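Labels run A, B, C and D following the written order; every chain starts at residue 1.
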Amino acid sequence: MSIVEQMLETHPARRGLAVDQRLRACIEACGTCAQACTLCADACLGEPEVADLVGCVRSNLNCAQLCEATQRVLSHRTEGDEDLVRALLKACAEACRMCGEECERHAERHEHCWVCAEACRRCESACRELLAAL
Amino acid sequence: MSIVEQMLETHPARRGLAVDQRLRACIEACGTCAQACTLCADACLGEPEVADLVGCVRSNLNCAQLCEATQRVLSHRTEGDEDLVRALLKACAEACRMCGEECERHAERHEHCWVCAEACRRCESACRELLAAL
Amino acid sequence: MSIVEQMLETHPARRGLAVDQRLRACIEACGTCAQACTLCADACLGEPEVADLVGCVRSNLNCAQLCEATQRVLSHRTEGDEDLVRALLKACAEACRMCGEECERHAERHEHCWVCAEACRRCESACRELLAAL
Amino acid sequence: MSIVEQMLETHPARRGLAVDQRLRACIEACGTCAQACTLCADACLGEPEVADLVGCVRSNLNCAQLCEATQRVLSHRTEGDEDLVRALLKACAEACRMCGEECERHAERHEHCWVCAEACRRCESACRELLAAL
């Protein structure tokens, strides 16, 4: 059982089981995607052809930022925050889509972009699935 | 001239003047609002009636998080990120609206909530004005 | 193989194997601890006796903040940053120690504090082991 | 009166006046420095000779991260956190020193680095003055 799962199970406020499963999946996907994007940004900065990867660095930084914010807001069981959560999940899914597509373009040449694109796609899906369940 | 203004004036990529003015205003309002919300969350935690202020703490933490993320993403001149910026500005404006209304409810009893509500309202306006200019 | 491991393996700059193993472990422990602390802060806010848990909320917020900063800085292979990395690892280990001890005090009554204390202890160890290897 | 000053004045827990003045100055300097570093990182990414500025981007990202974490932790009036605050202020001062020196090296060619170096130096001083007062 992951830490997030244990924490959600012992939280005094629990939502319905289906939402909780997607909430857990989304919090975890955001954490993984933020790590991947932060490391991909730095790996791009370390490549000799960094000048071609500037757009990828910026997308990575944006995506890491959105994933961290989403992870935190999803962890707060704030009453009546549905509009905020929805708006943020849409923004996060968009950041993941943009970053995933940008990384995809460099995936053949840079394995770190390939790995990161995969993390972005998974996080985008997790955001959209939670959005659908809310 | 503020630091943000100086930094935007010396940035290699500059957008149109009107957008730059609202961009600067929004980055600064986000920074101020994040500071206010972080301090208001902690001030609420220090009040004897903290149990009545739990919703305010959570709104403060959410709003600080969104303002920081928005401030960062707005600082990145990423090509083709208009959809992301729009979605994020909407989410940030919503976080500011929620937090401003929650703080407003406690403003008579707690001066820190009064100060924070004002910062939230200004940041919400700055987000909406930038949204309108994009 | 975890995402962090895959990213480090495909990063253009690689340090010695022993450092890389501890680096990976520390980045992952910071990510897990930040998630646990963010969720524990919110769980404490949701408890009827929140007034007794204010110190725990503050320690949780501090620890989450330090873990996120450490995770990011460790992901940047900045030349000549040894003094910064050392100072930050010490600060992060101290935040984990404080939060772990505070959560420990509430662990019998609140299972989320018990889970979180464990995450803090692991992260403190990971920071100290990386410090020793640098 | 700045927002930070208003928030500290209305906070239920107040320390001695001298500490409060330096606390305020440090929180504000961290906020300004984080903004400058985030914008300088992006400006460097936008320069044609980005390959020569990779070290500056990384120092900027580290410094922004440390300043944000310090700003948050200083806003939390956690009892018994002196060791953590001291360790974090040292790490933040070191990040500002590193980033200030790196930006200084590019200050003649890039005005954004000149502005950012100044913000780093001010933040380093503010951290050291608060350290001395604790």
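Basically, a contact is a pair of C-beta atoms (placed from the backbone, for glycine too) under 8 Å apart; a residue touches a chain by one contact, two chains touch by 3 or more.
This structure is a prediction, so every number in the text was calculated from the model and none was measured.
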Subject >> Comparison of A-D and B-D by number of C-beta pairs in contact, larger one >> reply: B-D
Subject >> Identity of the chain that, by mean CA position, is farthest from chain A >> reply: D
Subject >> Distance between the centres, which are taken as Cα means, of chain D and chain B, whole angstrom >> reply: 19
**OP:** Return the distance between the CA-based centres of chain A and chain D, expressed in whole Å.
**Re:** 27
**OP:** Mind pulling the residue numbers of chain A that touch at least two other chains?
**Re:** 42, 46, 58, 61, 68, 72, 76-77
Original post:
Of all residues in chain A, which touch chain C in the complex?
Top reply: 3-4, 6-8, 10-13, 27-28, 31-32, 34-36, 38-40, 42-43, 46-47, 68, 71-72, 75-77, 110-112, 114-116, 119
Subject >> Complex contact set, residues of chain B against chain C >> reply: 42, 45-46, 48, 50-51, 54, 57-58, 61
Original post:
What part of chain D is in contact with chain C in the complex they form?
Top reply: 55, 58-59, 61-62, 65-66, 68-69, 72-73, 76-81, 83-84, 87-88, 90-91, 94-95, 98
